[in-house]
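I've put the structures underneath this note.
Next come two complexes built around subunit A: one with subunit B, the other with subunit C.
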Partner chain A sequence: MLKIAIEKIDELFALVAQNQALYIPSDNKDGAAEYTRWSEGVKYSNALNTLRSAKDFFFPQTEDLVDFKMSGKNIEIIDIRKETEDFVIFGVRACDAKSFFILDNVYLSEPVDSYYKNRREHATVITMACSKPSETCFCSAFGIDATQPGGDVECASDGTSFFFEAKTEKGKAFIDSVSSLLSDGDTAELDNAKAKTKEILAKLPLAELSTESFGADKLTELFNSDKWAGLSESCLACGTCTFVCPTCQCYDIKDFDTGHGIKRYRCWDSCMYSDFTKMAHGNPRLTQLERFRQRFMHKLVYYPANYDGVFGCVGCGRCLAKCPISMNIVKVMKALEVK
Partner chain B sequence: MQKAIIERAKQLLADGTVTRVIGWKKGDFAYDSTPAVFNSAEELDKDFIFDDFTASNVSKYLIKESQKEGKVLVFLKPCDTYSFNQLVKEHRINRENVYIVGIECYGKLDIEKIRAKGISGIQSVTNNDGTLTIETLYGTETMPAYEVMAERCLSCKSKKYVAYDELIGDDGEVMDSNRFDMVAQLEAMSSEERYNFWREQLSKCIRCNACRNVCPACSCERCVFDNDNSGIANKAPADSFEENMFHIIRAFHVAGRCTDCGECSRVCPQSIPLHLLNRKFIKDINELYGEYQAGADTDSRAPLTNYTQGDCEPSVVHERGVE
Partner chain C sequence: MNNDTLIPHLGVVTDIRIDTPDVKTFRVVSPEGGKVFEHMPGQCAMLSIPGVGEAMFSITSSPTNKEFMEFSIKKCGCLTSWLHMMEVGQQVTIRGPYGNAFPVETELKGKDLLFIAGGIGLAPLRSVINYVRDNRANYGSVQIVYGSRSKDDLVDYQEIINEWMNDDGIEVNLTIDNPQEGWDGHVGFVPNYVKELEPSTSKTVLICGPPIMIKFTLAGLKEIGFQETQVYTTMELRMKCGVGKCGRCNIGDKYVCKHGPVFRFDQLNELPNEY
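== the complex of A and B ==
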């Protein structure tokens, strides 16, 4: 397999960045990893996961959709869409890589979301196999193998080198473009490292988490469960879980009066918020219990009902780490589980 | 400590003093407790936890709980009692329906600080007289507890309980804390440096509203930022000006009422030091109107809502802003 020594990775970054914008996880001042545009001096972080997920590349928190210009009684509609430039994301973990497909199901089915599609088509995704999973990880519950993260190019490390394997045509083109820096390498050490990671994955505290009790056919019993009241009782109704989540996909559309026109933009919405899906007739979910339930029903029942049984969670563990009151999908699943 | 708390809670349930208990429910890991209401001795035995990580200030939950039938037992750390008092003062908590047991606190640990040391795969955390032993899937780590103590606890303002019906342990004293040190550093900056500091911090905001929703001083039934008719409701900032204004307006709104419980910074997923905005107001109020601690009592008039002839003149305030 083709490889590059870890200490030479900056050379590869420099080569890639000559032609395209390159984003890599890098530690910020607070010590948390964040995707950062690479330039000389930006160091790759080996952190397990970035603070915010990689979905931001395709589905940013805010985005301008269209402008309106008023003159007298005329309204001019200005299409502000333009072709995204090619870019590369390096170091995407298996969970985030899977989340792209969960978003694709929603945004690339008819009617196709052209804003999303534009960015998705111009991105090359280089993944990174996990080597040090955390106690909050539970991707295996959703059939994800953290040692085989996929993407356009699958990358993994044995501690001394990064190994690259193209998974798509785009991935092949990427490898061709950096082949001058890569050499053929023996994967014995890499196989060892992956086997060790698999042992750890099997020992994780959430390794046994089961999705058996969830899915499209469990709608009525789960919806009517008497457990929701207790589970949601201390929820603060903040949007932390939804905003750090790589698969949360809801948005709201707002108009911003610029003084000489209107900017119509969309921004992430959160089912935890009181005006979520509020319509002219009113609000379909009046209590926090209903809003809280929506989030987990969406991931565990509604999404699989719409997309061939695929669950809308990838087990990245960000919500487990970030919820101010430590309520999360794992606790919900354990409470609702039918044993 | 946890055992004593559970025993006392069971007694108070059994003798009918209270009908339910607010506390912390243990989670899946060594550090992830969730505020919860316990209705029986069995529930308490099964899930109640009080340890180095039970940091949530549960006083805000009493707004809802104290409106219900029957008395609720609540366990409050010294700093939580200030939030409690402030909410009583603002007529948000029905004091009659609450039974407070004050519980000793030696400072809480911050799991993020442990993670920042590169520690992952945490299986257990034990504290032996200030030395932590952390068992992980990748080996054992030891460190002094103070290295990973929550920022707010490192500048604890008080070990005194300002509201309680009974205590487990002894009452403490108001502390001589260093909590205004960072504010003084910010004040010493040039306005440009200070502006850049706050721009950098506030631009990290993702508008999750965790700071607002956890804040005991933010108890409006409907926040202006959630009210479509206000004209300023938004889920994400349309520009960087709005992004900053949310936090600044919030700090103004809680000025004189913020007890400096530190929950805002504790819950921020983006590690924005929001408490510094509030501390700036507290420091200013102390300097301009005399020492004042919100929540220290339930009946005094707060400096910003009270007129006295000794109040500082607007010109004094204005001059402070001129470099």
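== the complex of A and C ==
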């Protein structure tokens, strides 16, 4: 397998960045990893995961959709879309890599979302196998192998080198473009490292989390569960879970008057907010119970009902780490589980 | 880049009809003339005044109308108030059509039809009623039960008395909530009126109106002997995208904008009661 010594990775980044924008996880001043555009001096972080998920690359927090110019009774519609330039994301973990396919199901199904597709098509995704999964990880519950993260190029480390394996045509082109820096390497150490990671994965506290009690056929039973009241009771409706979630895909569309015209943009929204479903004649989800239930029913029942049984969660654990009241999907699943 | 459904088309308002104190019907054509797009009865469109708002409205005109589309809109919020203040010649943005339609070419064909509407709930049904009138041979008898708060709140009143009531094979039953000077028709709420009329249980029912009216009318229909599989309705929830992606108009695993807005009651009953 082709590899590069870890201490030489900056050379590879420099080569890639000559032609395309390159984004890598890098520690910010608070010590949290965030995807950062690479330039000389930006250091790769081997942190388990980035603070915000990688969905931002394809589904940014806000984006402009269309412009309007108003004059008297007339309206001019201005299509502001531009072809995105090619870019590379390096170091995507298996959970985030899987989340792209969950978003694809929504945004690439008819009618295709051209904004999302544009970015997706121009991105090369280079994943990174996990070596130190943490106690908040539960990707294996959703059938994800953290040692085989996929992407266009799958990357893994044995502690001294990064190994590269192309998984798609785009991935092959990437490897060809940096082959001058790569050399053939023995994977014995890498196989050992992966075996060790698998041992850790099997011993994680959430390794036994089961999805048996969830799915499309459990809709009525789960919706009517009397557990929702207790589970949602202390929810602050802050929406943090939604914002750090790699699979949360809901958006709002708003207009902004720039003084020279109207910008129509979309931005992330959250089903945890009271005005998400509020209409002139009322609100079908009146209390936080209904809104809280919606978020988890969507991931565990509605999404699988619409997309061949695939769950709308990848077990990245961000919501476990970030919820201010320590409520999360794992607690919800355990409470609703039928044993 | 391909067209994106989120980028709207231009429309021009060529006629504004005052239906009731709070309902106006707007005629919309493309700037070049003619309809902006084709639709089927029951489908909806997103209308917008940029900078004011964008919202989903049912298309009240029938697709058999080849010249224009119409929207009957009740004044109840920010955007609708703006629409009520605008004048003929105003451009709007429009995108669609969205959602499924009443199954006029399949399940409803050859059936005796009973339309039940309350208030502005007539708007989506008017599209079906006029489609049926224009394809009369394809359907059996037509009965329309329509009720409103007062005579002045009956939407499309002129069309009802001048056209629908003069059609052969169409029975129109109007009712208003309270007695009113100049009204010698029926007085009372729609659910009770439907029971009094004792419609034949062989009919297929299309119902739209305030949720409370639908609830009691459906209960009454069941008492008479109607099955849920015979009754269709059309739903409305808050929407942003119109294509099942923005995530807010779902009832269970169904998006009203995409899988609806038309549902049969047996289908609706399989979904959580969250609408």
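Basically, the second predicted complex is superposed on the first by the 336 of 339 C-alpha atoms of A that agree within 3 Å, B and C clash if a C-alpha of one lies under 4 Å from a C-alpha of the other, contacts with A are read in each partner's own complex, and residues count from 1 in each chain.
Definition applied: a residue touches a chain if its C-beta (ideal position, glycine included) is under 8 Å from a C-beta of that chain, and two chains touch if they have at least 3 such contacts.
Predicted model only: the values in this text are computed from it and were never measured.
Model built by superposing both complexes on subunit A: subunit B and subunit C fit together without a clash.
Judged by the touch definition given at the top, the superposed model places A:37 against neither subunit B nor subunit C.
In the superposed model, A:285 lies in contact with subunit C only, and not with subunit B.
Of the two partner chains placed by the overlay, subunit B and subunit C both lie in contact with A:269. Of the two partner chains placed around the shared chain by superposition, subunit C is the only one that A:73 touches, whereas subunit B remains out of contact.
Touch criterion met: A:252 reaches subunit B and subunit C at once.
For the superposed model, the angle subtended at the Cα centre of subunit A by subunit B and subunit C works out to 90 degrees in steps of 10.
In the superposition on chain A, A:203 makes contact with subunit B only, while subunit C stays out of contact range.
In the superposition on chain A, contact of A:227 is made with neither subunit B nor subunit C. With both structures placed on the common chain, the touch criterion links A:172 to neither subunit B nor subunit C. In the overlay built on the shared chain, the residue A:240 is in contact with subunit B alone; subunit C does not reach it. Following the chain A superposition, subunit B and subunit C show a smallest Cα-Cα distance of 8 angstrom. Once both structures are placed on chain A, subunit A residues 252, 269, 278 are touched by subunit B and, in the other complex, by subunit C.
Residues of subunit A that touch subunit B in their complex: 30-32, 48, 51-52, 61-62, 132-136, 200, 203-206, 230, 233-234, 236-240, 242-244, 252, 254, 256, 263, 265, 267-270, 273-275, 278, 320-322, 324-327, 330-331, 334. The part of subunit B that touches subunit A in the complex is made up of residues 27-29, 32-37, 56, 61, 111, 115-116, 120-123, 137-138, 206-210, 212-214, 226, 228, 233-238, 266-267, 269-271.
Considering their complex, residues 1-10, 50-54, 76-77, 80, 86-87, 89-93, 236-238, 240-241, 243-250, 252-253, 270, 272, 274-275 of subunit C touch subunit A. Within the complex formed with subunit C, the subunit A residues making contact are 65-66, 68, 70, 73-75, 77, 79, 81, 83, 106-107, 111-115, 118, 216, 219-220, 223-224, 249-253, 255, 257, 262, 264, 266, 269, 271, 276-281, 284-285, 290, 294, 297-298, 301-302, 305-306.
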